[in-house]
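Just below sit the structures, each encoded as structure tokens.
Across the two complexes that follow, chain A remains constant while its partner is chain B and subsequently chain C.
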Partner chain A sequence: MSRRMQVLRIVAAGTMAAAISSFSAMTAAWAADTIKIGSVLSMTGPASFLGDPEDKTLKIYVDKINAAGGVDGKKIELVVYDDGGDANKARTFATRLIEDDKVVAMVGGSTTGTTMAMIPVFEEAQIPFISFAGAVEIIDPVRKFVFKTPHTDKMACEKIFENIKQRNFTKIAMISGTDGFGASMRAQCVKVAPAYGVQIVVEETYGPRDSDMTAQLTKIKNTPGIQAVVNPGFGQGPAIVTRNYAQLGMSSTPFYQSHGVASKSFIDLAGAAAEGVRLPAAALLVGDKLPDNDPQKKVVVDYKTTYETTTKQPVSTFGGHAYDGLSILIAAMDRANSSDPKKVRDEIENTKEFVGTGGIVTMSPTDHLGLDLSAFRMLEVKGGDWVLVQPGS
Partner chain B sequence: MSELLQFFVSGLTVGAVYALVALGFTLVYHASEVVNFAQGEFVMLGGMVTVFAYAAGVPLPLAALLAVLVAIVVGLLLYWLAIAPARGATAVSLIIITIGASILLRGAAQIVFDKQFHKLPAFSGDTPVDLFGAAIQPQSFWVLGGAALLVLLLYYVMERTLLGKAVMATAANRLAARLVGVNVATIMALAFGGSAAIGAVAGILITPITLTSYDVGTLLALKGFAAAMLGGMGSPLGAVVGGLLLGLLEAFGAGYISSTYKDAIAFIVILAVLFVAPQGLFGRRAVERV
Partner chain C sequence: MMTRLNRRSVILLALATMMALLPLVFPSSYYFRVASLVWVSALAAIGLNILMGKAGQVSLGHAGFFGIGAYAVAIGPAHLGVNALAAVGIGALLSGLLAFLVGRPILRLKGHYLAIATLGLGVLIAMVITTESRWTGGPDGMPVAKLVLFGWRVSGSDTWYWITAGLLLIGTWIALNLDDTPTGRAFRALHDSETAARVAGVAVNRFKLQAFVIAAVYASVAGSALAMMNGFVNPDQAGFLHSVELVTMVVLGGLGSIVGSIVGAAVLVVLPQVLTVFQEYEHFMLGLLIIVSMIFMRDGMVPMLARLITRGRR
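For the complex of A and B:
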């Protein structure tokens, strides 16, 4: 190559660089005309299995919405922070979203702990906040600016007890995790059990990072008259409980897990021990097994296909909660023809018959979740996969 | 009776892992007076590297060997890159360096591997063994046997070989050891490499039972440290006894008293022991001559 050519190349490269930098200056100016949506997720730490799919889902769908022209001609700009599952950090990031980033709405909060820590910040700033966390405390009592998409733990208890009642069981044991999810669901189950004629005879707990639960299960095993065992918890704990359950030869007693472990990784981790375990979960987990006339079928199959082809990872219901939250928010902005936080809030509350991955959502001033028990399907693990439990069995 | 035995074996299995972590603490503390809080990360590395190598098609024994080698290399790097350059620093600074290293290793594992939980197949099947009415996973025997073997091996090296004597000499008096021709730097590097290997083996043995993820090390380091304190910091026998005792306390606490307070029960007992015998069960009383 001649010297001259080389010089030319350098000049060309320089011009390119200048062009690129002026282009990025242009996008910065254009950014002022975007709608800023904030999110604080637990992408790392013990709840990363929630935050990670939620983060991926939000990014995939924000890109899709922007590619399709955005909302009312404005592009969405997503600001995401990782709280590592730490409620203190979540609160700090929530403040940052409002004061520095000046977001008009917030989606996310992966766990009940982080969500509860952030609620006061958004209530005070009057910014709509759609949480992806489970506990019923988030929307009960109703707070003006706070909504959530996942089923509550109370509904999970009701769905489990409904099934237990159908099988004519009355005496059960409960082993729950002491993490926020497990503790909250445990309390709800204790509260709703009498309504289904269910008596909780023994109760045990385990720490979220415990590696052996045989001692607790042995106590349950040695209690006479137990007809079923319920395990409210999430993370790897329930997988270990399930393995110890099989190890102790307790599999002949029906075993119920919660929606907290409704993902394929639970079956992978628990292995053969998971056979016969039942749990309530959203339709998303069994999308392809739903009958064709199921109103949710199209939405869940679309989401599953999009998520799995983009991330190359199996879909989980947690990412689905993020999809529902974002979709409800975008639809509300569209209806409001505005990104004014107060108008958007009013429209979120007006959400009617929204078909999401978690169920069909109809909100009201007294219900900021908008789901009923039909949103849950009772599933059973069979042959290393989920199957729908037929009603009444 | 079967209940008691069930709790006993559960406690021993978990305790054996605490004991191995405590042993790693002891070995490094012996040679360098550093409490290495990255010890738990070696356990994590052992489990995670094995899981990923095995998933990539490497046979399990080779995957395990690879994991031990990776942990040893990381242990040596930790010594050469972080501990050795800060040789003159106080023990507190060195401990803070190890905490930093543990955060770094956890972060790196999160990127290199992932954030999910993983499992390994049990080495000899999942069918529980019925022992006097207690159902025991075959893997528990692997954990107990592996731990016993490591302890014996370490005992032999420390008590019967020149290398072990050199480690003891370094622990007793670094200057004097150097004067009689012990290469103190090499001994310290060996201690870090050795403790990494012990941690990695613990991680491999326990993964089929407890599952593993990038952040399992934190809690294990805490429990292992508590076990080492209970047994007496710096005493290998104390580390083993302390670890097993801690595991048993947790299992019996959960089984007979309350599963909610089992960690509290274990730590209350440790506190009580340390009030009565601040040097731990087998620790030497530190005597300072003036």
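For the complex of A and C:
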């Protein structure tokens, strides 16, 4: 028995070796005259509402670019992996893109967590990496090869506080989610509040899966002198907060949500309670309501039409981030006249006055985002739809 | 006795040979990365197997200890100025201590109750890691400083391949040796029948606790290794899904089979990488494969293969 066992153990070990080596044969690289661009997105799992529109957007536009002759006469080959929102998997796929697929550039990384896990890989390999994730840590401190397209949570705080300041409010309450988005934005808001003369008098939090926030809101309601309430968070938490807010009859106090809920589904979830809620969001959300002389109007309307006619699904700002990232990269390759990662990196940094769905991007060696506060529009929910808030009101 | 000794050395030798030969067929350092992930996962799975397969106690919160190890090497050097290697030790010590303290009351529970209690422990650890953002960076995780050994910065997938391979060899060696010690025999007695073990004079509670502590230390060391290899940690590593993944590795490979845990880890790490070619159907295929293998290989892959071959010989 034991002699046989020995053989068995060896066989088992052998199978494992065979499994790994057959795996290497499967992914044989095919060298062709194409430019390989990699992407790791959270297409499944809890962050799929980010990864799914990003994936669709990349595919639609890569096909379009290739149909129009590609870049420098070379076709683009897009390699996309799904990390399921898992940072560890994202890291492995990042290594795979570089070592195995030999991509020359990377767009993607749906969440801050996956992006932060992948950054060391691309920095070490010196491959340009344009992330679609929100947090400011990605580009602050500036890393040579890392860029991003979405507005940061810090900018969202500034936009909200700017509006609060214009309305001459100074004392506010904050209720935030404890998820990654909520926690990160909360920290940024606390940091920038003094610059706008805003004092956060009372602060409450809720868990990402909580189903009732009445207790926290009651405490805020009973704090005297609160002039406005800010709710950094995303997912369904903010919708519940909004409903509870109305139920407690607090609607007379101005209520601010974040760009994290800037989608139609927030209005659907919160229903009538959403009336009067303000939030900073990208122009994409109100494309058709923008004045005709708005420089972003054409881009956002074009993207929205393309996305909605191809996928038959409503457009989201997240897909827009992917559009911006891919467009910035392709434009940089065009200018560099090459797909050499280092030259492309330099040209990405040279991006000037690029009009995207997220705003007008002008990057520099100290700014790898290139957006200013004008990229955000202050919106208000009226009659179940978004309307632009006139500056100064 | 001789043959048992032989069996042990043959396994270790086979494992070491494979580890040494695999790099010869690796075309790029991406494969080193995947193999290192297998070694790390296998290390945690072997520890859990000592608890589940040998001593017969379940833990659904094992990733919690993995998380403690991972965050020890992140927080230690960053916030407390502790040397990274020392942080690995501190992580293992903390995990062992926590397992000892919590294990005393909860290991008196049996079956489903024990499963729930360990699940709760795992969830609690993950929650603390997620909320204490001043220390842990919150839900988005935090970076881990590169390991520096005698002035040499450890980096690169191939270097980590050898380090994790070494760790796994040591872990395998200890686990295999355990089989022949009084402790190992006590574990087996516990596994077969707690009542019988108690009657035979086995200090049931003490041995359960011992297995729990050993398993926690294995997971913690594996967690530290992964965190340093990745240069980044986030709370997912301590989360419930990761606990389930570890249990799946143990059960898929074969409860009680040390080689089984390595095979189980290899399958669960390598398969998703291979299956990405199926795009949208990736998760479907993975689920299907696990279901099919559990139906046809109820005892796990390695014990089942072992039985098939023995039967073939007869």
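Observations on the model:
We take it that the second predicted complex is superposed on the first by the 362 of 393 C-alpha atoms of A that agree within 3 Å, B and C clash if a C-alpha of one lies under 4 Å from a C-alpha of the other, contacts with A are read in each partner's own complex, and residues count from 1 in each chain.
In this text, a contact is a pair of C-beta atoms (placed from the backbone, for glycine too) under 8 Å apart; a residue touches a chain by one contact, two chains touch by 3 or more.
Owing to the predicted nature of the structure, the values given are computational and were not obtained by experimental measurement.
Ranked by how many residues of chain A each touches, chain B and chain C are led by C.
Contact with both chain B and chain C is seen for A:T44 once the two complexes are overlaid on the shared chain.
Once the two complexes are overlaid on the shared chain, A:A195 sits clear of chain B and of chain C alike. Judged by the touch definition given at the top, the superposed model places A:Q216 against chain B, while chain C stays out of reach.
In the superposition on chain A, A:G113 makes contact with chain C only, while chain B stays out of contact range. Using the contact criterion defined above for the overlaid structures, shared-chain residue A:S265 touches chain B, although it does not reach chain C. By the touch criterion defined above, A:D86 reaches chain C but does not reach chain B. By the document's definition of touching, both partners, chain B and chain C, reach A:T178. The interface of chain A with chain B overlaps its interface with chain C at residues 44, 178.
Partner chain A is touched in their complex by these residues of chain C: 3-4, 6-7, 10-11, 14-15, 18, 21-22, 25-31, 33-35, 37, 130-131, 133, 138-141, 143, 155, 157, 226, 230-232, 234, 236-237, 259-260, 262-263, 266-267, 270, 272-274, 276-277, 282-283, 301-302, 305-306, 309-310, 313.
For chain B in complex with chain A, the touching residues are 3, 6-7, 10-11, 13-14, 110, 115-119, 126, 128, 135, 137, 206, 209-211, 213, 215-216, 219, 251-252, 254-255, 259-260, 262-263.
By the touch rule above, chain A contacts chain C in their complex via residues 1-17, 19-21, 23-24, 26-27, 44, 81-82, 86-89, 91-93, 95-96, 98-100, 112-113, 116-117, 120, 124, 135, 137, 178-180, 183-184, 187. Residues of chain A touching chain B in their complex: 43-46, 48-49, 52, 178, 204-207, 209, 211-212, 214-216, 218-219, 222, 235-236, 239-240, 246-249, 265, 268-269, 271-273.
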